[in-house]
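Two complexes are shown next, each including chain A; its partner changes from chain B in the first to chain C in the second.
This part shows the complex of A and B:
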């Protein structure tokens, strides 16, 4: 006879999940709460409702400028990481290169190395070579840390794809470019799309590389927020942060609708 | 005409070039800089770090806090991941969202939330004071406790997902078998689920420890200038007192320390399962 799971344990499980959810989501809820506060100072729970801090953000050159830079860099990173990472994943998946195991490890290695160590290396290398850090250098560094995500999602999709489809296309007379573009790339598409969304999210939210590689004219949104937090934040920081949270929720909703979160959550 | 190998090489070359120029070369350069002085190779930055009690204190605090954060993440992450495998698909999706939403939100934003919650007039110290658990002068901001609370929330998703990945691949019949043979629920967890989940817990712990030891945004905002960790000290050596060789030396110490702690850990668990 199987003894049932005791009721107190089931109850404990429910309480545990609720408490964990509270801890995980508390900082986000608080930020949203502060952003709609009427008060001059940061306060939670908010006293009085108002959208004045959103107006303050939308009329602030510092926030708008940083937001524009972040968007441009994230867009560039998304395109670069998806193209470069997707192509590399196809090559790795075929296992025809003599060093494809080593190659796979190399492409995943930015995941393992702590970002701060990489950030110092980038700063020292590019400042020594060119005297200054350009937006392109920051975008390249974001691309490097986004690359493993694109490679991983694309490899995950390819490992479930039908390998004989490309063979069939070959026998039917398709040339190399046609096979790649009409057979392999469509097979990769869900992985490429998921990788692209992750790449955008990584670049848009990234703070460590952006802090090390920042310059007078190169301040991304997270760096701008960090600077505010170090000194005297007013609720406008909460309004910007809420906008960033909303963007993240939108990205998660798109990934779930298009591809299903579960597929990548436990990959 | 190009052959298969050329085609694959062409596909991989942009990525290889990018990694070489914007990843491996800069890191090699940093390693070289950490041992270069004005008159040839030197270990002076390392000597300076390892002979100063102030910096040794920072190193010890970094290791201590990272271990504590990793243990707490494992203690919460394992049951959370286990429950995620047992609930229905709808609840499971919401739990995945609950884990992924903070994970995909900028660390700066999450730390800001904790600054509000933990500040002198914030919700958590107020609550503790009202319940009479702490004195009137109690503060959480700029303490090690604040760093631990903030970092656990930042790193818990990594642990939960890493354990979840292993748990979903465990054959459910093993658990059923243990239960029909008379094991209680908790016995089954201890003797069947936990040992099988160990690789996921180990992988998650490695990740949590590495990320914890190398992060500076959350520790410097929640711990303040007096409670420094190694990564914050590196950042300061780069920005406040530009001393790049010293910053590079500290980064090398951080990296070596992580490797030193992780290699025996991997060996240990590898031997038990291999």
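This part shows the complex of A and C:
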């Protein structure tokens, strides 16, 4: 069958794959390239090799402060979104709540709602009702847009599970709490872990909400990068972006390994 | 071990009646099969005994105590599910220990000992540390069985436990179930749609049809004396043929629609319109004889046996014969059956 594919079509396939990879990876290559440049200016290919911009980033209070805020918010969002999203997914999966279809749609709606509309609404609502935006508010709004990912990954895992496990646990004497903790949550774990990873990533590089809900003491890393790029562009922007790329790849590797191990252990 | 009493159980889902007044008493240590086609309510009845389903009316008693309103976790029953329902994140040993842990039976050492004994009963002690997904279907089935018996429940409920196994394994497991029941003597309710399984395993069979008990009795009674047309057809899948019973020179005859006669036992009291039930395995075929003539439509080779599909008075009639009986499609043959094996059902 495969041999029947004409040569020109196979060539076209190769070209298509290479082009796609190029479009996906070229920006990253440029960012990494610029970050190791000697030059004062953002230029590609880099002029000379140096790690001076990494040094600049790591000794900059602005970057470090913003990075620290981003990390704290992302950690909080990860916990909140995983707890709320996981609980929501379990409830939706059981279909015993009234309007559970409606609830499912509500929990997934941030995926289709333009973030900028939500950001404007959140800013207006919060300022009118409570005044100054706090880090907690930003974390809450990040949680809202991260929720659908946790709900979806958890629902996906639950839909593959044996629907009789809980009933079986009941006949073995497990009460409500024991069933939740010893049967339902362990089944959800791979979905929760994947959802937590998405939640962290979404919060960590979210720019629209962070831009609208920023304050003098509330600047996340993406907002800091954006400001730097707008007002005094230099390769430090590329250096900090490269660090973010590295962090994301490391996270993916960890999660892949954990989920892979988990799947292997229960396989 | 305990006796179970079901008292006029009715169950409806959204006003659709599923069970219409089932009363049943199961003795301590008895092995009872609920037999019936899918949709007859047998699984619902089992789930009611487990407590997973409430009743619309009626009561459930286990060991003399009314448990109708008791949730499953407070009833001392164990249920084995058709899907086995093993907890995928726990090892085989942890799965088997689960009911002991939940019901707080014994300390850790005693539990470990019980788990080991239960796994030995099903010959899986060597796989205790594996995860369920690393086991074959038959092994998973045994783990589920070990988990069901480990706490020595008052009642053991089995929901079509053998239906996902291949034929060979199913036979082996039937033998193991019988031996285990003899050894442990647990009161057991076994749900199945497979008549052979019910006949070979049970002390008593309860034949369910559309939410009511069609007939109950020992396997011998159910097989030998089916009380209704449904029972005859379901057990042994007998041929059911409409006849007129008339008096012949040598005793009563069953007259088919085309005027052919079949001799009945001399003491058969029924006369007039009736149905005869002819078991496939009781019929013999010959080239000539005194019985009714039928036309062969198809022969199905079953290995050890042949099944002939024939036409008698416009009706389909099936017979199981040895694999050495050889007739061609379209050939006319005569039917013979011992008159005492013909069951007459008058409506």
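Definition applied: the second predicted complex is superposed on the first by the 253 of 267 C-alpha atoms of A that agree within 3 Å, B and C clash if a C-alpha of one lies under 4 Å from a C-alpha of the other, contacts with A are read in each partner's own complex, and residues count from 1 in each chain.
What we mean here is this: a residue touches a chain if its C-beta (ideal position, glycine included) is under 8 Å from a C-beta of that chain, and two chains touch if they have at least 3 such contacts.
Please read these numbers as outputs of a predicted model, since none were measured by experiment.
Asks: Determine, under the contact definition given at the top, whether A:97 touches first (chain B), second (chain C), both, or neither.
Replies: first
Asks: Look at A:34 in the shared chain and tell me whether it touches chain B only, chain C only, both, or neither; answer first, second, both or neither.
Replies: first
Asks: Classify the contacts of A:140 with the two partner chains as first (chain B alone), second (chain C alone), both, or neither.
Replies: Once the two structures are laid over each other on A, A:140 reaches chain B alone.
Asks: Look at A:183 in the shared chain and tell me whether it touches chain B only, chain C only, both, or neither; answer first, second, both or neither.
Replies: Second partner only, chain C.
Asks: State whether A:7 touches chain B only (first), chain C only (second), both chains, or neither.
Replies: After superposing on A, A:7 lies clear of both chain B and chain C.
Asks: May I ask you to name which of chain B and chain C touches more residues of chain A?
Replies: The partner making contact with more of chain A's residues is B.
Asks: Could you pull out which residues of chain A sit against chain B in one structure and against chain C in the other?
Replies: Of chain A, residues 265-267 contact chain B in one complex and chain C in the other.
Asks: Which part of chain A faces chain B closely enough to touch in the complex?
Replies: 2-3, 5-6, 9, 13, 16-17, 20-21, 23-31, 34, 42-45, 83-85, 87-88, 90-92, 94, 96-97, 103, 106-107, 109-110, 112-118, 120-126, 128, 137, 140-141, 143-144, 147, 176, 180, 201, 204-208, 211-212, 222, 225-226, 229-230, 233, 237-238, 241, 244-245, 248-249, 251-252, 256, 261-262, 265-267
Asks: Okay, in this complex, where on chain C does chain A touch?
Replies: Of all residues in chain C, those touching chain A are 50-52, 71-74, 77-79, 81, 83, 85, 87-89, 98-99, 102-103, 131, 133-134, 147, 151, 157.
Asks: Residue numbers of chain A touching chain C in their complex, please.
Replies: Touching chain C: residues 161-162, 164-165, 167-175, 178, 182-183, 186-187, 189, 265-267 of chain A.
Asks: For the complex, give me every residue of chain B touching chain A.
Replies: For chain B paired with chain A, touching residues are 2, 4-5, 7-9, 11-12, 14-16, 18-19, 22-23, 25-30, 33, 76, 79-80, 83, 92-93, 95-102, 104-117, 119, 121-123, 152-153, 156-157, 161, 164-165, 168, 179-180, 184-186, 210-211, 213-217, 221, 231, 234-235, 238, 244, 247-248, 251, 254-255, 258.
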